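Going by the order they are written in, the chains are A, B, C, D and E; count residues from 1 in each one.
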Amino acid sequence: MNSRTEHAPIIQMKNIEKHFGSVIALAGVSVEVYPGECHCLLGDNGAGKSTFIKTMSGVHKPTHGEIHFEGQEMHFADPRDAISAGIATVHQHLAMIPLMSVSRNFFMGNEPTKKVAGMSFFDHEKANRVTMEEMRKMGINLRGPDQAVGTLSGGERQTVAIARAVHFGAKVLILDEPTSALGVRQTANVLATIDKVRKQGIAVVFITHNVRHAMAVGDRFTVLNRGKTLGTAQRGQITPEELQDLMAGGQELVALEGSLGGTV
Amino acid sequence: MNSRTEHAPIIQMKNIEKHFGSVIALAGVSVEVYPGECHCLLGDNGAGKSTFIKTMSGVHKPTHGEIHFEGQEMHFADPRDAISAGIATVHQHLAMIPLMSVSRNFFMGNEPTKKVAGMSFFDHEKANRVTMEEMRKMGINLRGPDQAVGTLSGGERQTVAIARAVHFGAKVLILDEPTSALGVRQTANVLATIDKVRKQGIAVVFITHNVRHAMAVGDRFTVLNRGKTLGTAQRGQITPEELQDLMAGGQELVALEGSLGGTV
Amino acid sequence: ATVASAEGEKYILVSHAPDSDSWWNTIKNGIALAGEQMGVEVEYRNPPTGDLADMARIIEQAAASGPNGIITTLSDYDVLSGPIQAAVDSGVDVIIMNSGTPEQAREVGALMYVGQPEYDAGHAAGLRAKGDGVGSFLCVNHYISSPSSTERCQGFADGLGIDLANQMIDSGQDPSEIKNKVLAYLSANPDTDAVLTLGPTSADPTLLALDENGMAGDIYFGTFDLGEEIVKGIKAGTINWGIDQQPFLQAYLPVVVMTNYHRYGVLPGNNINSGPGFVTADGLTLVEKYAGEYR
Amino acid sequence: MSDAPNAAAGGDERIKQRSKFREAMIRPELGGIVGTAIVFALFLLFAFDSGMFNSQGIMNWSQVSAQFMIIAVGACLLMIAGEFDLSVGSMIGFAGMMIAIFSVTLGWPVWMAIITAFILCIALGALNGFIVIRTGLPSFIVTLAFLFILRGFTIYFPQTIERKTIIGGIKDVSEGDWLAAVFGGKILTGFFQWMGDAGIIAVFERGSRAGQPVVDGVPMLIVWALILVVLGHILLTKTKFGNWIFASGGDAEAARNSGVPVNRVKILMFMFTAFCACVFATCQVMEFGSAGADRGLLKEFEAIIAVVIGGALLTGGYGSVIGAALGALIFGVVQQGLFFAGVESSLFRVFLGVILLGAVILNTYIRRIITGER
Amino acid sequence: MSDAPNAAAGGDERIKQRSKFREAMIRPELGGIVGTAIVFALFLLFAFDSGMFNSQGIMNWSQVSAQFMIIAVGACLLMIAGEFDLSVGSMIGFAGMMIAIFSVTLGWPVWMAIITAFILCIALGALNGFIVIRTGLPSFIVTLAFLFILRGFTIYFPQTIERKTIIGGIKDVSEGDWLAAVFGGKILTGFFQWMGDAGIIAVFERGSRAGQPVVDGVPMLIVWALILVVLGHILLTKTKFGNWIFASGGDAEAARNSGVPVNRVKILMFMFTAFCACVFATCQVMEFGSAGADRGLLKEFEAIIAVVIGGALLTGGYGSVIGAALGALIFGVVQQGLFFAGVESSLFRVFLGVILLGAVILNTYIRRIITGER
């Protein structure tokens, strides 16, 4: 797996800074992501992980710094640009609309069309068929494709969002804490999906607070701390305990760990 | 710790059912919680955990079933009743108001008052002092007590909510997935807090999807599945692997675990 | 026998005024009384917000419901002539009241016109005021979007032989705002000779305003349309005159005329000008008693 | 410890059975459909012989309903996209006044006046939308400001230019104008003449038009209403853009993150609402031949009421054009029907309020059932 | 791999420095304060010698502003609690009409008429709130329905009972009534007489009141406005209940879960808004001696505008009573000032719209800075 680093990176983030008013959320972060690797982004709450991937996916424009995608510098004006370049994102706060049906949500922004009399219409039939199929693949049996997303549980919604991102291919798939609200079974599902996607040569950026989830699928690990990167480690070069220490910003957890036993 | 089961339970939920329109969220769940124990509530997404603790904290009225608190049957009309009986809850979807200051949020519903000329006014001074103190105890340094909650990170907000519940004592503290969005350090903090609270003789109900978090602090484990309970186990009577199997609703994770290694 | 069988005719009066305009109350009372006396069925209709386009629909609606006659105002010839003509052509007799001109009434095929031509009334008032030595004035227009209100002010200005210019203010309908706007105007333009109000809505607060700034009785004050407070003002000498267009007649007469026309085929040979009549401090007793109800 | 894991992954055993019939009935338009049925039943019962259902009567409430429909379609799509427009009424007054000033005062050809008014209105709609998007302010406030600004100009312009608040004489200048006919003309006149001759509908008894049928064609107003409803419905339910409208109103942030061009959708919907207001104004001006400064007062509320009666959600993301059209129909029939039924006219507002309240409560329960909302 | 974990837990090094002065300036009322300063500066410059700032002129715009303040306080607290009341204007008309009917037509003592009107209004406010809470409908719709219903009754009652829509003669019956004086009287008359005598303020030179001071006291209207503003401010910022108001508007669900009796708070705020509307109506009726069916038209918007100019958030959870009062002051001063300055009066609405827009944009930026909103 480490051999992948010899390829050209598909996305290079160079010295990214992001300020919100008087808050400096990112103070110069550089990360490279290679095709076919699962790059874990780790770090404390408020370290700037979400902000970082949002600059990657076109939601925020970086205050300073450059984004190179497939070797070329890119300036994403909005998420649409990033999506059409091939960067799909499942955001931490869901990208689902409760009042809309599952199939409308699934294809939101990527509606399939069919031509009738020269005009293009939303192809509901195709949308419904694909949605049912994809959801079945993820282990969720819907009452019907027109069931409103609002009637799904949080975990089910998360699964829809991931299924959607996976379905629309993309060269880079960004997942912001996709497993944080999921049950054991759903988590296993998502991790397996990440594994599958990675093996197809897609680059995955995976944010999590759970060391075990990171170790289970990650190829490389970048740790952010207070808007700066603490560096990137290869799989096998770092133990879970070291990683956990880094994620906590290097602060001691010893007192705790004594009474609570091992990594959390 | 197991000796605690010889005490009388502080809260007894008997055969609770809850229907939402045509959805049966709980189909008869019975659980007993003892003072000084940490009772973990586990289960798949949509198993009904949140619904269950919401009936406990007065948000929902059960369709059928009885709630006994300190031996007496209770009918909570709204969360106020439960709170004044001594049941404090940190809900899965935060109970913080972004536009309000931290100290106003902290004391929301429990405002300290002082008498001036016979009339009682909100005691801002005391509120600010207590808030700063409590937040410092939890490891969060605020810019000031009148900082708006909206400027805190998700993890920090969660911490405020827990600090609040702990501060207002209560005999039962319910935490619905308090650690799901937290970083390693914050998680360790919350777990330590649970441990501390439990040792003060308070009953804690702790919902999580993370087996390790459950094993770290739990005394007893109840697993819900599709609105029914799969039973309650004592600490020491069950291995993490067994527990994880139960949480996933007994479905096989073998295929996955092969490639991903061990519990997730 | 023919009389008995003819009884129970149905007449509908359509006005252009919004629901809340108090002046139209007298009209309602007028048709109610006429209906009672003549033994006919009368109905009052108006567009709730005063939108004339809605009024056109109401006339069409009235025609569709097949009454014997429609009594309506003609406050905008362009908008209303079509529906009125259609009503006439489908066999419903129409009398124009209140606004519009006799010529317009003839053009749409109405039987007659009962009312007070607004511009002429304003003009007459202007001439009268000019005779009393007025050289500048304030017109308090509480219904600026209605053309007839503007015509009154314009007529008054022309009667005085001066330019209307900035002397008309859009006062709105809230009494406190009217009062304070009048106060503000008068304090910014202390040389104003006269005040002209267009009805009780603007006259009542203006009275209070003059009371408050001490100009009551001192400044020349004329108003259109009567009301309780206006009558008191005339009596007290604060108001020099009120122009009464006698709305009662505008409502009462058409019903009587039409009923008799339908029963006996008789019709007056001319239009009826119900105003302008100047009401001054002399002979106020009856006016006082029925102000706002029949006056 | 028990050990009974459940079988298949489907959640079926936890969902009570729901009959096929009930499934079929539960749609956003249901409230509108039920309401329409009730309203017609009541008026057929109480006002049948008042002339409400003869040819003239039908034309009367149809025209009123068509008016409401034109603005309701715009308001409906905008509301589903998550925004509001309180300036619709003022826009109607403004558009009409512009047409009158251009064509009568300035003497432009009528088609040019109409086209210019449309361009102006659509630009104002875009400005509304642009301000809402750029500042992130609620559209309630922004369009409330425009409500005042536009009404102010609608009174100011004619008063300074023409010294009156109504400008007439448009009938004369629009004689023979091709575009004026598109808004003020009538279609199917031959058919109605034939019906009149055949005695199916009544004819005028006297006057210059004796012998002509009392209803001599379908006004373009109604044609516009139907066209807009059909187009709006197709746009909303059958196209990609329709999905974007729902998404923008349901959760703008989520939609944006999924690549929906939310800003563009919202601004376009503001422009469409302005377009509908301008259609309304043009039809009115062409039919009545004059423009007044008080035209369109409170129409914004009437549009919102029709849309809400038709089952749309005030907060966006949910609704239907067909529902809004039915809401407009209910509104129009009730308004005119109360006149036909001879109800004391000051009670009209009371009825309106009660119907509004009843309709939204009904719709809320229907929607809760559909979306399984909490 | 680098190894530089940061020291203390405080997030300070990631926050750029902010000056003490800026910190102190940043408060919800700032928009209102700045706006007030600008407005006064402008009018002092352009209308100083128009009489706007002599004793009479000051009393003039003070009274108009006081009116706005009375309804703005109610609307402000309600809006912070997350709800809206569009029925305020109709409530004003209704309350006034009830007082007139009770006292003049039915001949009750005036104090009894006033108290009954208050009870009625507060009950209607409670009904508004109750419906909003129970059905979960947006208050926009519910109170819109009441806007129509109440206005309908306000026209219907006097018309069927008295055959007119303005009921006068209240001055006569309220002579010497203790409660009437609380709403319609003036205070500090002696002081003003003294000031007049001492030449500090002008006295009438001619007319019926020659020799009296041009301003002869402070009307109770202004007293009520000040009392309500002060009480509202204390309630909101200094009491437990105030915290509940913020919480209910910020996030009703979260507040409910924390044990805040949200339903009670909201219903009480609807009742308080109705109370304010009734104070407004009573002052007006006592001052003018008559009640009209058209009183209070559009007042709901004016209240909302004042509140929004004063920095409150339309969606609830944020705002200040002082801000709302300043908003009312700005509104009143601009409205009257334009007359003093002799601006073409039909342009008033244009100014109003522009000021509204400018004020909210200013406020939004201020709020973003305070709350660090995204």
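For the reader, a short list of remarks on this structure follows.
In the analysis below, contacts are C-beta pairs under 8 Å (C-beta built on N, C-alpha and C of every residue); 3 or more make two chains touch, one makes a residue touch a chain.
Keep in mind it's a predicted model, so treat the numbers as computed, not measured.
Steps from chain A to chain C, taking the shortest chain of touch contacts, total 2. On a Cα centroid basis, the chain most remote from chain D in this structure is B. Averaging C-alpha coordinates per chain places the centre of chain C 35 Å away from that of chain E.
Chain E has its Cα centroid 43 Å from the Cα centroid of chain B. With centres set at the average Cα position, the gap from chain B to chain D is 50 Å.
Chain C and chain D, compared by their mean Cα positions, are separated by 34 Å. Shared contact sites, meaning residues of chain B that touch two or more other chains, fall at 23, 46, 151, 249, 251. Each of the following residues of chain D touches two or more other chains: 11, 15, 155, 159, 346, 348-349, 372, 374. In chain C, 19, 144, 170 are the positions where the chain touches two or more neighbouring chains simultaneously. The residues of chain B lying in touch with chain A in their complex are 23, 43-47, 151, 153-156, 177, 180-189, 191-192, 195, 209-213, 215-217, 244, 247-249, 251, 253, 256-257, 259-264. Within the complex formed with chain A, the chain D residues making contact are 8-12, 15, 237-240, 242-244, 246-247, 250-251, 253-261, 313, 317-318, 370-374. Against chain E, in their complex, chain B makes its touches with residues 57, 59, 78-80, 83-84, 89, 91, 93-100, 104, 107-111, 113, 120-122, 124, 139-141, 143, 148, 150-151.
For chain D in complex with chain E, the residues that touch the partner chain are 131, 135-138, 140-142, 144-149, 151-153, 155-156, 159-160, 301, 304-305, 308, 314-315, 344, 346-354, 356-357, 360-361, 364. Taken together, the chain C residues at the contact with chain D in this complex read 19, 43-46, 48-53, 56-58, 60-66, 76-79, 82, 85-86, 88-91, 109, 144-147, 150-151, 154, 164, 170.
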